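Heads up: the structure comes next, in structure tokens.
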């Protein structure tokens, strides 16, 4: 990620917590005091967000130095020192909460994504993707964390690709009409994805020129049949109520991608603490 | 909440998703098409965020009208229509994801908070509070949702009140010194909270003038002893690894407040969907 | 276009011209004076930007009313009244230059795009597209104007689709490697476009899985040969030094799209003036 | 120019193109790859925007180094290396389009301005000036480029000087009244410019105290007469439909300044490419 | 003033005070409570800022209605009701401090300016002007208040007019050189003002083409001599340690303008309170 | 103060003055000219704002170096060199006014605050505090300056602590109800302050649980009586029409704090000039 693409997220987060200073730290800690603090995993995690962590402290104080012991994407176990910051004690204390809030989410997403990716049946190349159910305003971090966890990104936003949902189909007067309107309107660089509710719509969508079919909330048997009919003609994405077990089933069924809203809409913060050297 | 305090959150969220338009909707939906859509609970939730939901759509298009069927704080069960929006179909489709992303988090926080509040032993007035472990940049929404769920807010940010943690105590050279420095530095409108690790520090903190003691990660027995020693002299807050069972235990033990990071750092999105009338 | 996607452009433009007020107008025009002014074509144009025009004045003063006599995309000839604004004379005078600067560019782009679209040989469905050579910060308006002129948009930005250029090919170690890396990295909703310099690379790119080939600066004969080899297997886009004559030639040669940087990088402002009723 | 005066233009431009990263470059180019690229003139140009070019890349990545081979204002011919950037290949590729979009406009303006300046008859000191017909939001760059091309700036915005146009005259009830109202209202540091439609108004404007007369769309003969009547008493500016030939004519006629909207409202992008060393 | 030119000032002021809500008002005042409150002068003032006052409350809550009993520029005496706001009690209480902070400054500036304007000797047309010693970020309000008080504005900022100070003269190598460089560089719409330290420089500055001379910290006798030498050839501005008595003296001495930093750099807040109807 | 908490103030101030450059300096001063300039006290002041002063110039030009001869909080007498900047002459001239405008206010506040602090009777520990009557948008600088002058801060904003005023009492139906509602609503980290108009309310407020009583506009005798009744039970703050004499009286009367609006609402700019070495 380019810092220019996430700097405003950090600026807002720091403003939120620090715009009136830190009355406790200013009172208790000498301006000259130095500290060393380690970000330590309190359980098994996939590391994610080293640059973000570093940049939060750099924004608080350019004198804070950062060292990474683990790359983004590495697994860390309980007790692993992931990153270290060194510098003015005040600045480290002031940036601590903001930095942790950000990376605990990022590591949480990466860690969960990895479990989904690992749940794909061996030998299958099904991609696990995110959705647009990301944290409002922090999408770029969420998408990055999904990639770090081994997942892939779905379309970035409503303007970057076509995804025809049931409401669009109804409004357009059918799958064929919806697909062809989208084809005519969208940039030629965008694929056309179309949600189908039943196998009845599958053939219509393919012949209308859809590049990707979204099989939403379909049972595995139906998915299998869809794969049988569509293989080689179109890219198949499954979604809806995806559990780790279903990932395995669906990957065995042969879908090309499984999109998982829970990767980003219900994130369990990774347990990562900041331990000060004493 | 005043809209002026959260408008920028909505603006960023909409920019993130809609800054290049919605190629699908623009292609498939006529500009003149009208729609009615209902936000419907897909399970039991505490409703939260009606104004935010309405305002997202209003920002997309001033012609979208909003109606609330449930007040914030009300419980809704599976199938309950919570809110309704009416207006141009394009605008409702364009705002749908952003609006849902926001309120699913808000309802999720309110719903979880309510379970913690309800876990307080009968007759006890222990307050359940949030922490600063909120979503970076969205703290105001998180804090509001905690209140809607029946919880109370902790300090807003590092500048609005004093919370002396172990690192501050060490750096200041002891509890007494830390508390008195904070007292001298902080606005007289702020209470002085001091974390203690053991009962040894309790008396020192109280005599130093702390208004609130933070009992972090203490066993219930120790908490009981702390309550016995401190009752009536100081406000007692417990934190660390708080489960619903511990809420009951700690409330019975007599603490005045229990702060729960998980209310906001690991939010399960409430299941709330948008159903279009057909 | 949603106002929320271009409001910041208007705000900046107005701030630039009006942040210190308008010393002339404030001195010479009474606050109560009313005016009616018509945007009039001073030559043949394709109308574009009515909403932008209206919104500039609305931002200056909510009391200015707007009326459109021509829809975006309509042709207007010399003397045609395109739009009318009515309201406080001061406000119309203050917004005049900013409004005209914006719509003269938009009409200019739409008008030029239409000539390119019209240059496509009859019966051919070649799409004329823009490029990323847009005015920095005003891309959304430029892209809209291209669509209004009958053109189509290329990818919105570097994150929304893949376009492998010669430098990418060299760095990746060949077309095959570049395409497969891009396929693995990019969202499945994005097509993979690959620039080729010669026909030698055409087969490699197609078999590597490219969806679109960019034929940059190729002579028409070579383009014809490319079409012959690739037809039905891949989408073909031509670019580089595109004139109206070449549009005809290339469309006859059978390419699917022609991208034209000049639509937006060298815009001749459409001649559109604001005439005050006297 | 101070970077603080144009940084926000660059930030918006980069956000527009890079806010979701660069899927192609991230896929195809190793993070460690280094590159050297030269901005090369593809025809004769007046160089303009070296600092802007450098700063775009610096914003993408502080590790990109910049070297200027030509100063702003220098003439470069086909094939001239104007500037060089060295650093991470990814960063140079990501910043390329934004940087070129900006400087191609700036060089285009400077180059065109120079042709107008050169068209002034020998021995005449007529200044060629811009107008407020600049690109909304990028005025500071446009004005700088005009100066680099040898032109002069007109007033910066509606608040920085007085220019009484026909509508102001009508509303104020005559030239005399308009000029005296403006004189009373405007800062004493601003000159008073007044547009006149005919020679009838010339004497009235001068005696009313105008410092500058704007001769809009007047034939050369009329302009000559105006010069004869006004010489030494007032500064004369001509405008309206200015071609290179008219510049010569008008300068010979003796006007002090000629303002040319086309310098900035219809800019032909200078042909400047970025060549990567291989 | 156009709201678009000061809205960001109000937005920041409100964010500063209200970004976390108003815990007191939310606790004590019912959401349905209505109130009427009057801005009342607690002493003699020149009224200034009615629109700003109204807009602060409108931003807090669109339901607050505003009524002005005095126009900007009117004199109000002790007890005068200047403006009234009516609407939700919460919203009025929340906006009160921000609104008062702004208008107390504005009325303060207008009131002080009026005393300076009134100090000009009868029959003299000396203008009292502000300087660039305004409140950082609020200059537009300060300048407006000066005008409301009967003063005039000096140049708006460093880009809108030329003011050659002693350091510029030294660096340029003399008054003549400095003036001619400025004349060549600046827009022809800007006058050239030049500070002189002694009468020795007066003639040089005038012959070099200065339009305005700044007589800084000169004794009245010297000023009189300057007026005698320069009358009719140049505009004369005095500045430096200006008291009300000196205003009279200097106006009698015949200067055209007196610029007074204290109008805006040391503002005494006007005593204006908000009285709630009970 | 953290730069991230005041950077936006400086950015706006510089944009206001420099967004169109500095036509005088650009014309008269060579780009290569270097200068050394000293901020010099023109009278006795309390120094405040060294970091702000330095940062203004750093934002104009990273090449300007800063040296502090006095720490914030030090007293400087007439002629004292407080700070020095060295670097490009243009940059120093361009930043001069903005830097001075900011620090003249900050030093002014610090200097005035010191006189109030010094007016506290010997041996008394009464704290002098600010109020929310700060400059809109610059509150963080105002509050910092108060601390530098030896004062203390009151609550930062409406969300950070409770202050129940007469309107809240009336609306809530009495002191007891207001205090208990506030106690229930506010974070437990906030003290509850309640304004009382007469001694009658004193006992009610204390028994209702107020932590702080605000004695607004009470005569010294009444204050003494309040102290006698409340000592040891509650913190007492006096306010309203505070002069230096009253500070002494009130401190002798035994109040714990005196809040003084004039510290920030009517600031006399400290006389501090920038002298260039010649």
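Of note:
The chains carry the letters A, B, C, D, E and F, assigned in the order they are written, with residues numbered from 1 in each.
One rule holds in what follows: a residue touches a chain if its C-beta (ideal position, glycine included) is under 8 Å from a C-beta of that chain, and two chains touch if they have at least 3 such contacts.
Quantities reported herein were computed from a predicted structural model and do not represent experimental measurements.
Listed here as common contacts of chain A and chain F: B, D.
Chain D maps onto chain F through a rotation of 120°, based on Cα atoms and reported in steps of 5. Look at the contact of chain A with chain D and you find different residues on each copy: under half of the numbers used there are shared.
In terms of their C-alpha centroids, the spacing between chain B and chain E amounts to 44 Å.
The mean-CA centres of chain E and chain F are about 23 angstrom from one another, to the nearest whole unit. If you average the Cα atoms of chain A and of chain E, the two centres end up 52 Å apart. Computed centre separation for the pair chain D/chain E is 32 angstrom, with centres defined by C-alpha atoms. Each of residues 18-21, 94, 156-157, 159-163, 187, 190 in chain F touches at least two other chains.
Interchain contacts (touch definition given at top) occur between A-B, A-C, A-D, A-F, B-C, B-E, B-F, C-D, C-E, D-E, D-F, E-F.
Every residue of chain F that touches chain E in the complex is listed here, in rising order: 9-10, 12-13, 16-30, 33, 35, 89, 93-94, 97-98, 100-102, 104-105, 108, 132-139, 157-165, 167-172, 178, 181-182, 184-187, 190, 265-269, 276, 278.
Listing the residues of chain A that touch chain D in their complex gives 1-2, 4-5, 140, 143, 156-157, 160.
Contacts from chain D toward chain A in the complex involve residues 11, 14-15, 18-21, 59-61, 94.
Those residues of chain A that touch chain C in the shared complex are 127, 129, 152-156, 159-163, 187-191, 193, 211-212, 235, 237, 256-257.
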